[in-house]
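One chain, chain A, appears in both complexes that follow, with chain B as partner in the first and chain C in the second.
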Partner chain A sequence: MGEKKNRKIAFPMVARYNEVVRYFVEQGLKQTYIMQPPMTRHTLNLGVKYAPDMVCTPFKTILGSMIEALEAGADTLIMVFGYCRLGYYGELAETILRDLGYEFDYLNLAEYTTGKSKDYLKALRKLNPDAKAVPLGKAGIDGLKMLERIDTIESLYYQNCGFEITKGQYRKAFDRFMDDMSKAQKGSDIDEGYDRCRETFDSIPVDKGPFPLKVGVLGEYFTVMDEFSNIDLEQTLADLGVEVHRWMNVSNRNLHYPGEKNLNARIREYCTYEMGPTSTANIWYAKDCAERGYDGLIHVKSAGCTPEIDIIPVLQRIGEDYKIPILYLTYDSQDGSAGFQTRIEAFYDMIEMRKKVIH
Partner chain B sequence: MEDVYMGIDVGSISTKGVILTKDNRIVASAYIWTEGNPIGAVKQLLHLLEEQVSGEEYRIVGTGTTGSARQLVGTVVGATVVKNEITAHAVGTTTFHPDVRTILEIGGQDSKIILVENGVAIDYAMNTLCAAGTGAFLSSQSNRLGIPVEEMGEIALKSSHPTQIAARCTVFAESDLVHKIQVGHTREDIVAGLCQAVVGNYLNNVGKGKKILSPVVFQGGVSKNIGVVKAFERQLGCPVLVDENGHLMGAIGAAILARRSKKRKEFSFDIEDMEFITREINCGGCPNNCEIICVYRDGQMIDSWGNRCQRGDAAAKKAARRFSEEN
Partner chain C sequence: MNMIKMPGRENTTDEMVVGLPRALLYFRYRVLWETFFRELGVKTTVSPETNLEIMRKGAERSASEMCMAMKIYMGHVDALRGKCTHVLVPRILDFGIRRVMCTNFEALPDLVSNIFRDSSFKVLSYDVDSGKRKDEKRAMIEMATGLGFSGKNSAHAYKVASRAQEEANAAAARRTEALYHKDGLKLILAGHSYVLDDEYIGKPVFQKLEKMGVTVIRADQVDRKQALRESEKASPTLKWELSREIVGSLVMHYPQVDGIILLAVYPCALDSMVNDMLIHKNSITKVPVLQMTLDDQTGSAGLDTRLESFVDILEMRKGE
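And then the complex of A and B:
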């Protein structure tokens, strides 16, 4: 990576988290952040065109959004890593982009996975050799705070927006909150935006009735969190009148993860070994939702996601033991939305009719 | 004047309709081919239904549509209920067979399994991205063999040694089929082998991991194939019931759902004479470029769908203005 004073940094589109990266780049690294346009069919088409066909869909959207970031003027890309094929994706994306003729500096975090903060600091210094540890630390703490706030607001949104009396109030408050986050310059901006959104949420009248339908959504890390990739799954469910719950987000999986061993102890009757980056958590969450008496579970994965394919037999056992219906959805880059709509509506009808018989 | 309810099920291959009384008596029914023209098929269907009830004292107060063209047809007939085919089939079947535990359904393009407990569906699965284990597989192979698809069942029953066909994939099945013909397997054995292959694929795909309990009801177009019914009975080890109205069950379910809904709207057969046109436009509001379907009745736009955000509504309105200027 060359020595450069003023960088234009970008990050692939991941759910609603790009505002967090923007905040950290601007406030901590004191560099320019380039925000590419929201993901659309065009993003996916770019990815499909240049990625290997059999790779999972998230790689294609990530690659597409990197291209869109470079086209928008970014000269430096940051890429994350994970414990499945995502660990190799950084390298693969870089090779493809360089073959396409793009010139850019690249920080692949997979090369700094020692877990020591000293090494992360070394990685960040590559982006700005003059970056000071104290402002970096401050921006890091504030950035993580923003991340947790986004996760909290998003989860409140999907649990409640399906029951508002006047349609659109929750969406308006949520959009306002995301707008506030995109303008945040300091920690207090984040707090103010968050407090305002919480207050508005609390003041919106909702009618849930005595037994609202509750559905737990779980599955593959990227597709389950990203509304473009899962074709607005959570919004579709909420619009039908469902309280949508999802544990999987960056706060829960990465910041407050109880640990593989601890989670594994809670699902001992279902599996003995660790099965993949999110498998243990998903099995535990499925069991947890079932024990809480939720009305159904939806398992989401992109086509070819091996860790999530592996947990399906375990989920089937949980479904039988707790008598909880489970819908399995596989997202592929070639899908239209009609098939998903049919399956989600049918699933809703099923759990709704079943609930009427139970109560 | 007796209040009755109409259900219309427009699938990829066939279009089905029933008129149902409040005590589940079928006073009119029809089953025709869709032939790639759902609106034309529905007009023809309505004509057939109208003939059967003409002169009778019936008033259709609720209309339900289902099947893959449910939204389009729902708009055209002014349906009071538009429901997905999985729910419609479950409701129809549990009404006529309250003790059913498993519903097997194989249609032209998709296949599904619905598990029932205490008269309500508790689990279902539907095939994805693959024609193996559907009616499309049987009809493409019957074409190759030069046998009408309707006769396959009877031919299959004559076989005592069904041929093993590598049928995991429809495309590869075809090459294996040709090979088996060339090495001298009889037609009966091959047809019986195909019926078994459909069942094997169905149970390995949509039926995977599902506990199939008796009583089992089998429906959809393929249930008319006795060879497939027998193959199911052999593999499941229990009797498989095929209702004489099994092919109408989606339409029956839609009619029952229209009756259960509180919405009432008197249906008039006048729409047979109206002109309906659909137009596809690309929104263009953002790079997502949603495909929006606009439906016009006698030149007036009556509905549009397909957009993921409000920008699409504006695009549809603009298209409607342009459409009325052009015509």
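And then the complex of A and C:
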């Protein structure tokens, strides 16, 4: 990585988390953060054009949003990694971008896999060797706080917005909250924005009736969290009048993960081992929703996601054991929203009829 | 505990027959597994070569989006039903940093036990996972002691078996290395051993090419240590052990051949990225490269035509 005093740093678009990265870059690394425009069909088309044909869809989306970040003026890209193909996203994306002629500095955290997590922090400091430890640590802590708050608000939003008396109130408060996060300069800004949103949420009148329909959404780490990638699945469900629950987010999976051993103990009848990076969590969550008496489950993944394909036989068994309907949705880059809308509506009709028979 | 369903204790080993599905890692570890169980005095049985029936049964048992190699594997497990008391399905996650396997190999034992829960065999497994400090040796010895064998006998069986496997690997690498020095048209066939060694999907490609008088050299039969080192130079964050061996082998040998065929099965997660990386940034493209993906719809006509025209091109280039 070249020596450079003033960087314009960007990160691929991932759900609502880019505000967290922005906060850390601005407040901790004291560098400029470049926010690319929200993802659109154009983003995905860019990815599809330059990515290998059969790679999983998140690679295409991420590649597209990297191109959009570079076009928006970024000169430095940060890329994370994971335990599936995500671990190789960074290098392949860089190769493709350089072949396309883009010039940029690149921090691929996959290159710093040494077995020690503090080495990742060392790597981040390369973005600004002059960054002081104290503001860096403070920005890290506040950034993680923002991340947790975003996850909490988002979760409350999808559980309740389908039942508001006056349409649009929840969305307005949620948008205001995200706007506050995008402007936050210090920890108290995050707290104030969060408190205000919680208060507003609490004051919005809702009518859930005695037996609201509850659906658990689970699946592949990226696609299940990212509303562009899952074509607004949760909003679509909520708009039909469903309480939408999702455990999978960065707070639960990465910050407060109960650990493989503890989670696996709860699904011993289905699994002896960890089957993949998010498999234990998804299997446990499916069982947990079933035990709580939810009305249905929706399993979300991008086409070709190996770990999620491999838990399907286990989910099918949970479906049989607990008599809980499961809708399996696979997203690839060719999909328009119409087919999904129809399938989700049909699923909704089915679980609603079932509920009427049961109660 | 390595047993997914516990057997009725020690006395079971007398009537015990371990089934080995002739698919996926069987081709990599056949000597290791067969020697290990023979040393322990445990009978083994291997499923037949892949055939249409196995392909069909496998597809029925599998989730529809699984890769063809996984579907074939499930067909082989199905073929072992009623022929054994146990089926060996190891869980192999990794051998260390950037030495991981495809996540399918991590999920395999639990997949088999869920998919075949109606069957009477027990899933016998061993767990290779560097995070748990379990290498192959410790994992296989634990599996044997879990069956009631003494630690000493288990360790001895592993020692003999792993030496036999290493010798077999070295011999294969030597034989393959010699082929690079042959005269005439030579090409490298790069693919996972479970694709190339499979009677139904990989062997026909081999035979077709050999019939055309081409020397076909397998990328995966190579000095693995050297290949791992070479792959790191070619692609620093490449982390899949099997891909690294193949990539390293290609980097080591491409100047000695006339062409390269990258043979994958549909939809291989690893190859979907690695093959693209090879095309984008590697020097191997100084020789002609043909990418082929096999799926269960492949009739042989399309395959034959593509192989023939590729070989024609190589011959023309060589003639110049």
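Rule of thumb we're sticking to: the second predicted complex is superposed on the first by the 354 of 359 C-alpha atoms of A that agree within 3 Å, B and C clash if a C-alpha of one lies under 4 Å from a C-alpha of the other, contacts with A are read in each partner's own complex, and residues count from 1 in each chain.
Here is the rule we go by: a residue touches a chain if its C-beta (ideal position, glycine included) is under 8 Å from a C-beta of that chain, and two chains touch if they have at least 3 such contacts.
Just so it is clear, the structure is predicted and the values come from calculations on it, not from any experiment.
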| request: Identify whether chain B and chain C fit side by side or clash on chain A in the overlaid structures. | output: fit
| In the superposed arrangement, which partner chain does A:R343 touch: chain B (first), chain C (second), both, or neither? | first
| task | With both structures superposed, pick whichever of chain B and chain C touches the larger number of chain A residues. | result | C
| After lining up the shared chain so the two structures overlap, which partner does A:R41 touch, if you call chain B first and chain C second: first, second, both or neither? | first
| field | chain B versus chain C as contact partner of A:P307, first or second or both or neither | value | second
| remark: For apex chain A with the CA centres of chain B and chain C, the angle to the nearest 10 degrees sits at 80
| task | Examine A:M353 and indicate which partner it touches, taking first as chain B and second as chain C; both and neither are also allowed. | result | first
| said: Applying the document's definition of touch, where does A:T330 land relative to chain B and chain C: first, second, both, or neither? | reply: both
| query | With the two complexes overlaid on chain A, what is the closest approach of chain B to chain C, counting only CA atoms, in Å? | reply | 5
| Do any residues of chain A touch both chain B and chain C, and if so, which are they? | 312-313, 330
| message | Taking the touch rule as given, give the residues of chain A at its contact with chain B in the complex, in rising order. | response | 37, 40-43, 232, 312-313, 316, 319-320, 323, 325-326, 328, 330, 332, 338-339, 341-343, 345-347, 349-350, 353-354, 356-357
| query | For the complex, which residues does chain B have touching chain A? | reply | 68, 83-87, 90, 118-126, 128-129, 209, 211, 286-289, 308
| Taking the complex as given, what residues does chain A use to touch chain C? | 51-56, 59, 81, 83-85, 87-88, 90-92, 95-96, 99, 108, 110-111, 113-115, 270-277, 279, 303-304, 306-307, 309-314, 317, 330
| message | Touching residues of chain C toward chain A in the complex: what are they? | response | 1, 4, 63, 65-67, 91, 97-98, 100, 102-104, 106-107, 109-111, 113-115, 117, 125, 127, 235-240, 266-270, 272-277, 280-281, 293
